[in-house]
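Next up: the structures, one after another.
You will see chain A twice below: alongside chain B first, and alongside chain C after that.
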Partner chain A sequence: MSTEADLLDFARGPALEAALVILVFGMFWRLVAVLALRRSRDLSEPRVRHAWLWGVRTIFTRMWPRREFRPRILHWEAVSYLFHFALAVVIVGLVPHILLIRDITGLSWPGLPTGVITFAAGVALISLLALLAHRATHPVLRRISNFDDYFSWLLVFAPLLTGLMAYYHLGGPYEDLLAVHMLSAELLLAWLPFSKLAHTVLFLFSRGVTGTIYSRRGAQT
Partner chain B sequence: MDETILDAFRQNGLSRRAFLKFCAATTSLLALPPAAAAAMAEKLAGTLRPTVIYLSYQECTGCLESMTRSFSPTIEHLMFNNISLAFNDTLQAAAGEAAEAARKEAMRKAWGKYILIVDGAVPMGGGGAYCVAAGQSAVDDLRHAAQGAAAIIAVGTCAAFGGVPYAAPNPTGAVPVSEIIRDRPIINVSGCPPIPEVMTGVIVYYLSFGMPALDRQGRPVAFYGNTIHDRCYRRPFYDEGRFAHTFDDEGARNGWCLYELGCKGPVTYNACATLKWNQGTSFPIQSGHGCLGCSEPDFWDKGGFYRPLPAATGHWPRGEVLGGAALGGAVVGVGAAALARSRQQAAAAKSAKEVSHPPPKEDSHEH
Partner chain C sequence: MTGTDTQFPLELNQPRLSIQKPEPRYDKQGEMADTERLDRAMRGFIKDFGATAALYMESCVHCGQCAEVCQYYVQTGDPRYTPIWKLEPFKQAYKREMGPFAPFFRLFHLKRRVTVQELEDWQDLIYDSCTQCGRCTMVCPMGIDIASLVGLARHGMAAAGLVPHELWATVERAKREGSPLGATPAVLKDRIAWLEDEHGVEIPLDRSQADVLMTISSIEVMKYPRSIVALARIMKRMGASWTFRSDGYEATNFSMFAGDQQGQREASLKLIEAAIAVGAKTLILPECGHAYQALRWQGANLYGKPLPFRVLQIAEYLAEGIRQGKLQLQPVQKSATFHDPCQIVRRGGATEAPREVLRALGVDLREMDAQGAYNWCCGGGGGVVTIHRADPLRYKTYQIKMQQVEDTGAEMLVSTCSNCRQTFDDGQAHFHWDKTAQSLLELVADHLVTEQE
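And now, the complex of A and B:
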């Protein structure tokens, strides 16, 4: 009947289904393809017993920079942490998000007041802008950045911005902004497995494998 | 027919003061500035009572039932003082050929000037055979009546957006008025049913000031300018994150937000939260039930009244579909890994061959 209502229906219906299917399909593709790769046998004498346990340890030890690097990167590490933490609060704290997750997975938990979510979303947006400025101005970071980095940044920024706009009715009627918000988040989900955003899942495995291999050889991880 | 609205007031024993009070109350209802009351009084005093033709098609008469409950202005006040209701097959005493003849006569006399109120969707399927009265299909009847109308008020979600008859699978090919009539001004007064005061208020507004400002769904902004959610007295609970999870839990008893129980207030534009129903007594959310979104297009086909707004609309087998996607992804991943392994193997074999048979050095003969 009406275009804007159709857009929201599309976002809540076929677009959501397609995004979830692509996300799950792509994530399993990437994960299995990486895990099933051939690895050369390490013929050296293991320096530690149960190297995989050290691999698990590495997942956590790499969450904070080593002392040697701290003066150089600690402040940007802090901004990055701020962003990740704020984003997590927005994703798992907002009741509409919890209801969507409950609808798909059956899992549910209590939500946070919208004031807290708004604050977290603001922090995430500002830290994202700071990280983009850092990427664009840092001589080394700029040279190793490609389309993936900038497009992924945009796809994380867009749902945060449109979500805030929808809640505060900024720039259009709620249902239009909600549809745009949902579509932007769905694009993010579909893009995630095939981009650097796949680190949301792959970081566990890359750190674990690296930690296992190096600790087996007696290196500090 | 030549009597003005003020004349009609006087004939019914009402004073000019009562007339002014009526104008003040109506402008207040319409959320107009105080000065508009004087403008309305001036306009209505000199306006001839217009002929109103009320046609009913695919509808349940709920809209008319609602309209008869209007308390300000009341339906009888409208009928006796503001309009000349020439045809309404539910309210009128006449029936059959006599009623049809009266309608034709009224339409002929006021051709080009009457207000046409349409209640219900119009079936297009089967050549219009699903709704026929007095030997004429609804679609032909509407087309003819619309030709002589100054404006059309599509009352109820069925007339405005198709409503229940329009819901999937729409067996009768029902459509809203706006899909048939495109050359007449149409005011959509949606709702299932619409709020009584909204229906009567729109009629009075039209008589006083002409076409009201409409939103993009063709509804008067004065009544449909805000969402239920934005004017809901339970809105603070939404912001605090306090929700009823079931209809009989602590949250429900405490009157917390019904968003989790499928309330469509955030995407529904109507005046229920401010005007309320039954002389301002209550409205669905105040009675403990979420908004169904009945004043919005396609409200029957939005995935379910009790599904929360952010939930997916489709009733698809999530486990099977996502499990299949995971399995498909894993198969493709294994294929990709097998391809990579064969390349790794070929590279390793090539490397081993080079180690056992190193290629001759290019500079070995130069010295």
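And now, the complex of A and C:
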């Protein structure tokens, strides 16, 4: 067996398993460590009952900025949406991804044509580059950014790039490129729970909690 | 009339009520070693740190949107004023000391230990340039309530003796003489006797039983005494059984601004105990934003059980009176715009009540471009209006508000918070503006339908 095949086997086997285990346990630990902290009951008389229902609503309403805020933030919000949407198309639309997900979870759905996937991957890469340039030049973002922001960016960028390279056989033997692609994606999965990328899960909780607190007061969320 | 406190004399003849400009300033209180100060800061910070605050600390994605809606960043372009950056030392301490991965951060020295110098450097961000208005909370795509985190940071700063001079001094005054700004029980009694004489109204004080316990802001006692007369007229018209109590009248809570939790609790307990003592069914909070935050939403939690009476802001009480037909008003033949006090509306949820009252007054209400939960702060909340060194920055932020009001083309500006009101008075004097905020309460009192008897 060649070393390329060894590397690919490693990426498909133990590396994938390790990444998934780290992802699940890391995320579990992060959530438990936070949610298990003291939650004192709010004894004030609520203006609105069953406020948690409105908290759930906030998870959705906070997806798009309010009219009052749009002039200053909408352009970059749109780029960010473009990136998220394109990434989602690539992740859940590519047939090999669906096959992998089916192997792990048993769930499956029809894939999208590869032309669409390639286009989406291109959009995701370009929007990521734009967002990086924005982060590196805007005074506020420069001030508040740290290692996590740039490293997480890199780990999202890498699988997109290596995926395209593997698909179009650019820069090396297919098996090598595929192995590198898989390993980079696995690194991303393993990094996710420890980084800002955990917002993929945390947004449900933080939006929901604030939505509940404010709704209980009869305030807008 | 002056306060009895000579150590921190009040500035009584100015548009805003604060202590006189301190020379020298003492922005660092108490003598202690740096290690102890730091320890106190962190213990103060985490004392009330629960799942919600931790969740917020974990959730920031560094998108920077909070800066784009914050009056301090918008007006200066200085990234220091990014709301979440104001929490940076405490965020760092959280990640290092108590987050889910704290041991890793410590083991690999990924987060440095915060220093006292850093906390001192952050004082102007946590106090001078944050009114806790909560506008950033409304934009955050992760829903982080940054204003509440600033509140927790202030707990830490207060425990460590790192409070701006004026806020520290007002809390000292409150502890020494029962009122942060000179409205001691004796001063209140004097004022009430004088107002009764001058205006021919009855202002009940220290009745043993009443359905309604009325509270007051020391800003009103010292600067806007006509508000007390307005209250008396309205309460008489509504036929209410009510009283002030000299053992529980002060609705302001400067300890909450400063972050002194013990003081905040004591101030709230006075009101709660007075209300229970008179058997009140309702406690009315005056035109004061943070009083609403302190008692309506935090009062029961500091008391440790649900309050055995209702807590209403005066505009809510007026709206109720109008709904029940107890208040008939003459129309105000003018256009008006309403300034939403952040703690009553955005963070308090009483958005409709003041508008109901304005509608009953028949004003032509012209809302600002951003209003209700999305309003711009007057720039004086969170104790900021009392801090002298924050004045230049405050005037910058005030310009947003002035522009907003001008854009409506309304003849009158009405609000229902005396802290906003004094911020408007001060801004009016500074900019020689032709407008300032009027009190909704006084407007109602001035337009009661004359009695037919």
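Note that the second predicted complex is superposed on the first by the 220 of 221 C-alpha atoms of A that agree within 3 Å, B and C clash if a C-alpha of one lies under 4 Å from a C-alpha of the other, contacts with A are read in each partner's own complex, and residues count from 1 in each chain.
Definition applied: a residue touches a chain if its C-beta (ideal position, glycine included) is under 8 Å from a C-beta of that chain, and two chains touch if they have at least 3 such contacts.
Here the structure is a predicted model, which is why all the values come from computation and not from measurement.
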Looking at the overlay, does A:Gly115 come into contact with chain B only (first), chain C only (second), both, or neither?
first
If we overlay the two complexes on their shared chain A, which of chain B and chain C does A:Leu16 touch? Say first, second, both or neither.
first
In the overlay, answer first, second, both or neither for which of chain B and chain C A:Arg57 touches.
neither
With the two structures laid over each other on chain A, which partner does A:Arg38 touch: chain B (first), chain C (second), both, or neither?
both
Partner chain in contact with A:Asp149 - chain B first, chain C second, else both or neither:
second
Contact-wise, after the overlay, does A:Arg30 reach chain B, chain C, both or neither (first, second, both, neither)?
both
Find the residues of chain A that appear in the contact set with chain B and again in the contact set with chain C.
29-30, 32-38
Could you pull out which chain A residues touch chain C in their complex?
29-30, 32-40, 42-45, 47-48, 58, 62-63, 65-66, 68-69, 72-73, 77, 80, 138-146, 148-149, 194, 196, 198-199, 202-203, 205-211, 213-214, 217-221
The chain B residues in contact with chain A across the complex are 161-162, 166, 176, 216-217, 227, 229-230, 238-241, 243, 259-260, 266-267, 296-298, 302-303, 307-314, 316, 318, 321-322, 325-330, 332-334, 336-338, 340-341, 344-345
Touching chain B in the complex, chain A uses residues 1-2, 4-5, 8-9, 12-14, 16-17, 20-22, 24-38, 95-97, 99-100, 102-104, 110-115, 169, 174-175, 178, 182
In their shared complex, chain A is touched by residues of chain C numbered 49-52, 54-56, 58-65, 67-69, 73-74, 77, 79-80, 82, 84-85, 88, 99-101, 137-145, 296-301, 303-307, 310-311, 345-351, 369-370, 372-374
